[in-house]
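Each chain carries a letter (A, B, C and D) given by its place in the written order, and its residues are counted from 1.
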Amino acid sequence: MASKVARTAADALSGVLFDGMTIMAGGFGLCGIPENLISAIREAGVKDLTVVSNNCGVDDFGLGILLAGGQIKKMISSYVGENKLFAELYLSGTLELEFNPQGTLAERIRAGGAGIPAFFTRTGVGTLVAEGKEVREFDGEHYVMERGLTADLAIIKAWMGDHEGNLVYRRTARNFNPMMATAAKVTVVEVEELVVTGQLDKDNIHTPGIYVDQIFKGAHFEKRIEQATTRPREKANA
Amino acid sequence: MASKVARTAADALSGVLFDGMTIMAGGFGLCGIPENLISAIREAGVKDLTVVSNNCGVDDFGLGILLAGGQIKKMISSYVGENKLFAELYLSGTLELEFNPQGTLAERIRAGGAGIPAFFTRTGVGTLVAEGKEVREFDGEHYVMERGLTADLAIIKAWMGDHEGNLVYRRTARNFNPMMATAAKVTVVEVEELVVTGQLDKDNIHTPGIYVDQIFKGAHFEKRIEQATTRPREKANA
Amino acid sequence: MWTREQIAARAAMELRDGFYVNLGIGIPTLVANYIPTGVQVTLQSENGMLGMGPFPYEDEIDPDLVNAGKQTITELASSSYFSSADSFAMIRGGHIDLSVLGAMQVAANGDLANWMVPGKMVKGMGGAMDLVAGVKRVVVVMEHTEKSGASKLVAACTLPLTGLAVVDLVVTELGVFDIARGKAPVRLLEMAPGVTLDEVRAKTEAAFEVALT
Amino acid sequence: MWTREQIAARAAMELRDGFYVNLGIGIPTLVANYIPTGVQVTLQSENGMLGMGPFPYEDEIDPDLVNAGKQTITELASSSYFSSADSFAMIRGGHIDLSVLGAMQVAANGDLANWMVPGKMVKGMGGAMDLVAGVKRVVVVMEHTEKSGASKLVAACTLPLTGLAVVDLVVTELGVFDIARGKAPVRLLEMAPGVTLDEVRAKTEAAFEVALT
């Protein structure tokens, strides 16, 4: 069987990128983002991208570097508050933006991967989000119809993965990664640890290998923290 | 906080059962069924039940014993082939039956738990399953609209659970249990091993405790096998 | 008049033992510091965690463990992690008992506006629309008025909505208002110390009944 | 004429290296015994498993490990387990490359009937409707005729349907037919040894073109 294992991010993306494509990028804020793949896309210089991602990184890290490179045409996101360049590009009309409520975005992606072209949700009824969409009553409540979402490519960050493409995420770095892995024509994954098939617990594989086309061990993980919030250590009870 | 831990199945179901209620029962065939809870419902004698379950047990085990007790008014299932009494009751008009494609049943339950009143699927278009339902075209394909499904009670079998109600399933005994745990007003769970909160791997909890109202260690697990299919052991390479 | 901390403490009195709770960013986050004695609640973070612990000590910081405000946090013995899809299935499906959120405007009919001001750069609604649509009880904590003096408890929202008829209770520095999702007239339930009814009337655009206990 | 085993072996030639495959109950299950050398496929079981192994030795039997036919099976190094909702998301979402299923009738337009006979006790469709609606390529293996002699490869299905225009290929004891989901005329691609074209014509109700290679 053709191996799914690639050596580098550039390797894993070879032949996959094209101008005007739609890319789903996992992560919440800077947590659980595919930083090696984002860098490789920056390198590749592909442009006019539509990017589906809950956020858009910060000015010099995460998806922010694709913004800085002028590679993104449109974002589909729920919150983009951490990024000054984003505001500039948007206000100057250079960047298109589609806001989705976070749960609707997550469910649209899950639906896209699960062969569900549309579903109804109470989220957004009576708001700007529902404009132009069908609103229907079920059992006395109103719901808006939302469409499934798919992409040409999903770029995913997992904690561990095996040669088969089975993936395990760690803590809240899971976030949007599992759904995005199911919703794209091609799914490319970077992991912190690449293990031999059979090493992961079969009852606890978060993304089965069927969803993964290429997998590689990331060369470098900065894992930058957006808001390091701490509490003081209490005095020792000596 | 009021404890979720009960001593017995009867304990866990105390005050929950009533005639005419809808019960979701986890399991696929006889694999991963809540056998202790089924016995307790048999004991309790509650009747006119609507039962949502992929199958209906066998004549003398699993949901079959509720059929034998004349307690079930209606089944919502995908396949009921393993049960002679079922056929008799159905053909005599004593038992109502609603067939759902297995994937549609699983998704309807997931939708019920996830606040989605309806979704579209290609499954069943042009068949008896689509009769009386809306069929709609998205991007040139036809899809049928299916409704979310909820219940008064879900009876669930997990492998391990903690005092908080966090659950872990084992192998293919997972099946319908996780979705059903999310889709009922009250969810009662039997486990093979009840552990102290904190013992389960937090990255690998299949059902978070928020979905669980009562949990207990099952008194007895027969875990009957429906079709023991084996292969002969090859001669040792001596 | 109540301080931000006192507003949070008053909102915390809405918590009941065994509740699963989602707290928004800002004053709502402070509510976690005032959970009443004998009340145990489980905090949900909509990015994919149930059972959120306190902020970490400096040497405990983990970039893989953040809350919905992207702040570093810790886990508890009872914690579990899941995807954002599973997290919002939990929220949308009505499994969270109570949410505490900030607001720009709350209307007498229960409408909530808290995500955009036309003409200003919009950061996005994040999970707010999902929370107000799905959570069983929605408590708003906010300043009673804008800096301009305009009331934020209004007859009808003028800002773009986050949700229709979704607010149950409002706590401001002046007092507590029962909104009841617009199913009944707004009622003033409590006034903060030193606040007069005249002051509340002067600063409140929404009509309300006085039902002080 | 092909035996059941030979039908399964011919169907197995449709497998490609790297395919994710779902095999139905009966003859389709036998296909796993004839996977061509050099071809590696991963078997999905729709109750919630990817990477299905062979039947267990007697002392390996595990009641928590069954396939969609409720038979005891084993796992492989590559296996993973998931819920039935996740399993059918995989199927419905078009992630399975090929499914081999039995049938009562296949029509020239690609329609499939394999779950009920009116007037007889109906056991249910199980996962069949989901599989034919979601899997990329559907191969049917069946006996060419009923015991009555009636053709099962028909001009139009008379039995209640499992899916509309879903069948890609049919393998029977007489040969192999390209159905192409009804997008082109049915073509006879291969005949089993000892079978004549006249015999195929006599036993086949559906119109077909002869395209033997």
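Definition applied: a residue touches a chain if its C-beta (ideal position, glycine included) is under 8 Å from a C-beta of that chain, and two chains touch if they have at least 3 such contacts.
Note that the structure is predicted; figures quoted are calculated from it, not measured.
Asker: Between B-C and A-C, flag the pair that has more C-beta pairs in contact.
Answerer: A-C
Asker: Once you find the CA centre of chain A and the CA centre of chain D, what distance in Å lies between them?
Answerer: Averaging C-alpha atoms per chain gives centres 36 Å apart.
Asker: Using CA atom averages as chain centres, what separation in Å is found between chain B and chain D?
Answerer: Measuring from centre to centre gives 28 Å for this pair.
Asker: Mind pulling the residue numbers of chain A that touch at least two other chains?
Answerer: Correct list: 107, 110, 114-116, 121-122, 169-171, 174, 202-203.
Asker: Two or more other chains touching the same residue: where does that happen in chain D?
Answerer: 75, 81-82, 88-89, 91-92, 133-134 - these are the residues of chain D that touch more than one other chain.
Asker: Applying that definition of touch, give me each pair of chains that meets it.
Answerer: After working through each pair, the chains in contact turn out to be A-B, A-C, A-D, B-C, B-D.
Asker: If you look only at chain D, which of its residues touch chain B in the complex?
Answerer: Result: residues 45-49, 54-58, 60-67, 69-73, 75, 81-85, 87-89, 91-92, 111, 116, 121-130, 133-134, 160-164 of chain D touch chain B.
Asker: Where on chain C does chain B make contact in their complex?
Answerer: 17-18, 20, 40, 42, 44, 50-51, 75, 77-82, 88-96, 133-134
Asker: Within the complex, which stretch of chain A touches chain B?
Answerer: 107, 111, 114-122, 136, 138-139, 141, 143, 147, 168-171, 174, 201-204
Asker: Using the touch definition from the top, list the residues of chain B that touch chain C in their complex.
Answerer: Touch list, chain B to chain C: 1-2, 110, 112-116, 162, 164, 166, 182, 197-198, 202-203, 205, 208-211.
Asker: Mind pulling up the chain B residues that touch chain D in the complex?
Answerer: 28-32, 54, 77-82, 87, 90-91, 99, 101-104, 106-107, 109-110, 121-129, 159, 169-179, 206, 223-233
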